[in-house]
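In the two assemblies presented below, subunit A is common to both, partnered first by subunit B and then by subunit C.
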Partner chain A sequence: MANIAAQRIKREFKEVIKSEEVAKCAIKLELVNDSFTELKGEIAGPPDTPYEGGNFVLEIKVPETYPFNPPKVRFVTKIWHPNISSVTGAICLDILKDQWAAAMTLRTVLLSLQALLSAAEPDDPQDAVVAKQYKENLEMFESTARHWTNIYAGGPDLNKDFNDKIRKLVEMGVEEHQARVALSSYNWDLERATEQLFS
Partner chain B sequence: MADYFQEMGWSPLAEGEAPNHLLHLVRLFIDYNMFEELGETQRLPPPASIEAVNNLPEVSINEEGKQCPVCLKDYEKGSSAVKMPCDHLFHPECIKRWLTKTNSCPLCRHELPTDDENYEAYRKEKIRAKQRVNDIENLHNCMFS
Partner chain C sequence: MATYNSQNFDQPEENCLVEDDTQVPEARFECPICLTWLRDPVLTSCGHRFCRKCIYSWLEKDTDCPVDKTKLNKDTDIFPDNFTRREISQQKTKCPNVVRGCLKELSPLDIEYHLQICKYRIPELPDNEKLRCNFVAVGCIEKFENEVEVKEHLEKNIHNHLNLLSQAYSKFIIDQSTSSNALAQQANFWDPPAKIGSNGLVDEHVNSSNESLIKSLYEKIIILEQKTREQDIIIANMSEQISSCNLLISTVPTKFCFGSFLWPVADFKTKITRMSNNSHMMCYSPGFQTSPFGYKLCIRLNLSPKNPNYLAIFIHMMKTDHDNSLDWPFNGKISITVVHPVNLEQNIKETMMTRPELEAFKKPKQELNPRGFGYTEFALIQDLCSEGFVDKDQLLIKVHVQPV
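Right after this comes the complex of A and B.
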């Protein structure tokens, strides 16, 4: 890796470690390898959102041309959000694309992702199914997102109704995550989800 | 009240002047938000013009403990830094490398001119479109408040 990228990550790493967000446990950054090319990020779900109480892990890959090009970031923790793919964890966020600027840091990226969890932009979706639900049925979206937070990110809100429906599909031989995706996509309508899974 | 052309930010064609079709297309795209759909916003604005970059003044750093925002290294005392029109300072090599990629300040996005005619036309149109929105808002406020 070009020296400038590695050196900068080293300096940033210190900045994040010292930052007050780390002290408040809102963001976290860890090295995955010694060459500073890959890091693991963590953000806490913001309060008063369906992600509250959850902890979301991010994969961060630093290109050789950093900071002239943005880091490549994706959610490792599965999440239900209009701007994040529920399948791959790919993120649609302008600063990770055309709005990147060389003075931004991994700390700004983590804080921007946290802000994205607080304020989705359904008109610029990464996941069309989630965005549609967000626009057409916000309450349904919120309880679905809260359920995913509970299952995948350690959030506190257990949804008995949703879990029962998933169990029914699992008993029919459907894989659990697949069942959750189908039900989430069809507003937890068991009949329609079943139809889709077995069609 | 301004005339139609003025109000739209347009000017009538001069004798023998042909309409600028590219500009019309740009205008259409902006009005219908088609740049977003075309993925135009996924792309960085073009590099700063070489002339604009060469004309950026250099200043010498006399205080200690100041950092270049691109590489995050402290400036050596007495070394020189490039000053952008927005007063932000950078190592010459750091800012020049960034400006060969895109035309704005890494800290505040202040834009330098580019050598890209299409982008300059697009930028002017964008400013004008914003101005039109403001004008309409002002007019509305005058009438209803």
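Right after this comes the complex of A and C.
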């Protein structure tokens, strides 16, 4: 790894550790290896969003050309969000692509991601299914996102209705996550989800 | 310390002092790209400072200021910032090793280099590269930065180290005595091998190296024994195959003689004597076939019941597995020759045709058809002996059978 990248990550790491956001438990950063090429980030779901109360883990890979190129970031925790792939966790965020600037840091990236959770951009989607639901049925989107936060990120809101529907599909032999994806994609219409799963 | 301009005045002075071993610069002296002291600082038209190298590297792939995204032209929007360069060079800082006696005061850019050569520095060794006590093997876990500390530790801890040694020794003795039971030890050999890198004291190391040697030898012996056993089995199987092959081969001359069979009657005189003593005694030749899947016959010798001076030669049909594929009664020409070993003109040859009405040529119901066909008085035994037919106590009889 280029010296400047490792040196900068070292500096940034210290910066994040000391930051007030860490003190408030809003963001977290951990080293994965000694060479500062891979880190584990964590952001708290912002208040007044369906993600409130959840903790979202991020995989951060630092390229050798950092900070001249952005770090590669994806969600490890499964999340229901128009700009984040519900399958791979890939993130559609301009500053992680062409809008990256060398003066940005891991701290600003984590804060930007947190902001993205508060303000989705359905017109520039990463997950088309989620984005469609967001635009057509915001209420349904929010309860689905809340349910995913509950299941995968430790969020507080338990949705009994959704869980019952998933259990029905699981009893039919469908894998649980697969059942959740199908139901989420079809606005929790059990019949249509079943049809899609068994077609 | 240095003068502050207004924007940084609210920052406490400690901010520019080191916390760890690296110096963290004030924000106005820090490059936003490499996050270290500005080297060869430049100022952009939008009012941001960078290291020259950093901003030019950035502008190779981008056109905006990394801080505020203002469009920047690398030929017209970037100026050397000699004011800041001078400010930084005047930021004399004391060497962090001042507590150990270094009195150097240097600019932040120079201090980085100085830290590497400062003779008061603490060598920053990772845990695994630190010096260990010589007695680490018996349980002394101290770690040191340099040889001097090691020496000091060794001098101060003689008593301690002796204690550790004696403990390790007694444990070694106990281990040895408990492992004297050979059978138990042998059973131990089949335990899975110990994990490499598991912590162990010296005695365990010694023990385990001996044990592993014996263990590997023992395993080798077992493997060799097993191999021997396998080889024995292979050999047994092979010899079985060979004997069955031999059996097969031995039938070849009789099966593939195509009806022309030569029978050397060995021990002729003994046979005659025995037959004259017992009138029911008869000699049979091995069976031979007219073709591989043809009729099977054999030759019978005995003394003529009417006149025991005469040798009788008969032919008998024999049973085979493929009799049902043949025509019965057997029909053909049979010639019998007593071969003279020297003079072929003296050969005694008789030829006869089968007679279908005879019982002898019907399909044999037993291994050998009890009825034969031939000559009760083929030749005088005395003549055979005197005329030289019996050579080395052996009479040669040839039978040629031609099915029709």
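Assume the second predicted complex is superposed on the first by the 199 of 199 C-alpha atoms of A that agree within 3 Å, B and C clash if a C-alpha of one lies under 4 Å from a C-alpha of the other, contacts with A are read in each partner's own complex, and residues count from 1 in each chain.
The criterion applied here is as follows: contacts are C-beta pairs under 8 Å (C-beta built on N, C-alpha and C of every residue); 3 or more make two chains touch, one makes a residue touch a chain.
All figures in this text were calculated on a predicted structure; none of them were measured in a lab.
J.: Put subunit B and subunit C onto subunit A via the superposition and say whether they clash or fit.
T.: Clash - subunit B and subunit C, as placed by superposing on subunit A, overlap.
J.: Looking at A:His177 after the superposition, I want to know if it touches subunit B, subunit C, both of them or none. Which is it: first, second, both, neither?
T.: A:His177: touches no partner chain.
J.: Quick check on the superposed pair: does A:Pro67 touch subunit B, subunit C, both, or neither? Answer first, second, both or neither.
T.: After superposing on A, A:Pro67 lies in contact with both subunit B and subunit C.
J.: Have a look at where A:Lys97 lands relative to subunit B and subunit C in the superposition and call it first, second, both or neither.
T.: Touch partner of A:Lys97: subunit B, not subunit C.
J.: State which residues of subunit A lie in both footprints, the one left by subunit B and the one left by subunit C.
T.: Overlap of subunit B and subunit C footprints on subunit A: residues 4, 7-8, 11-12, 67-68, 101-105.
J.: Over in the complex, which subunit C residues touch subunit A? Could you list them?
T.: 20, 22, 24, 32-36, 54, 57-58, 61-62, 64-67, 69
J.: Can you list the residues on subunit B that touch subunit A in the complex?
T.: 36, 41-44, 69-73, 94, 97-98, 101, 104-107, 109
J.: Enumerate the contact residues on subunit A facing subunit C in the complex.
T.: 4, 7-8, 10-12, 14, 67-68, 101-105
J.: Would you tell me which residues of subunit A are touching subunit B in their complex?
T.: Against subunit B, subunit A makes touches at 4, 7-8, 11-12, 15, 67-68, 94, 97-98, 100-105, 124.
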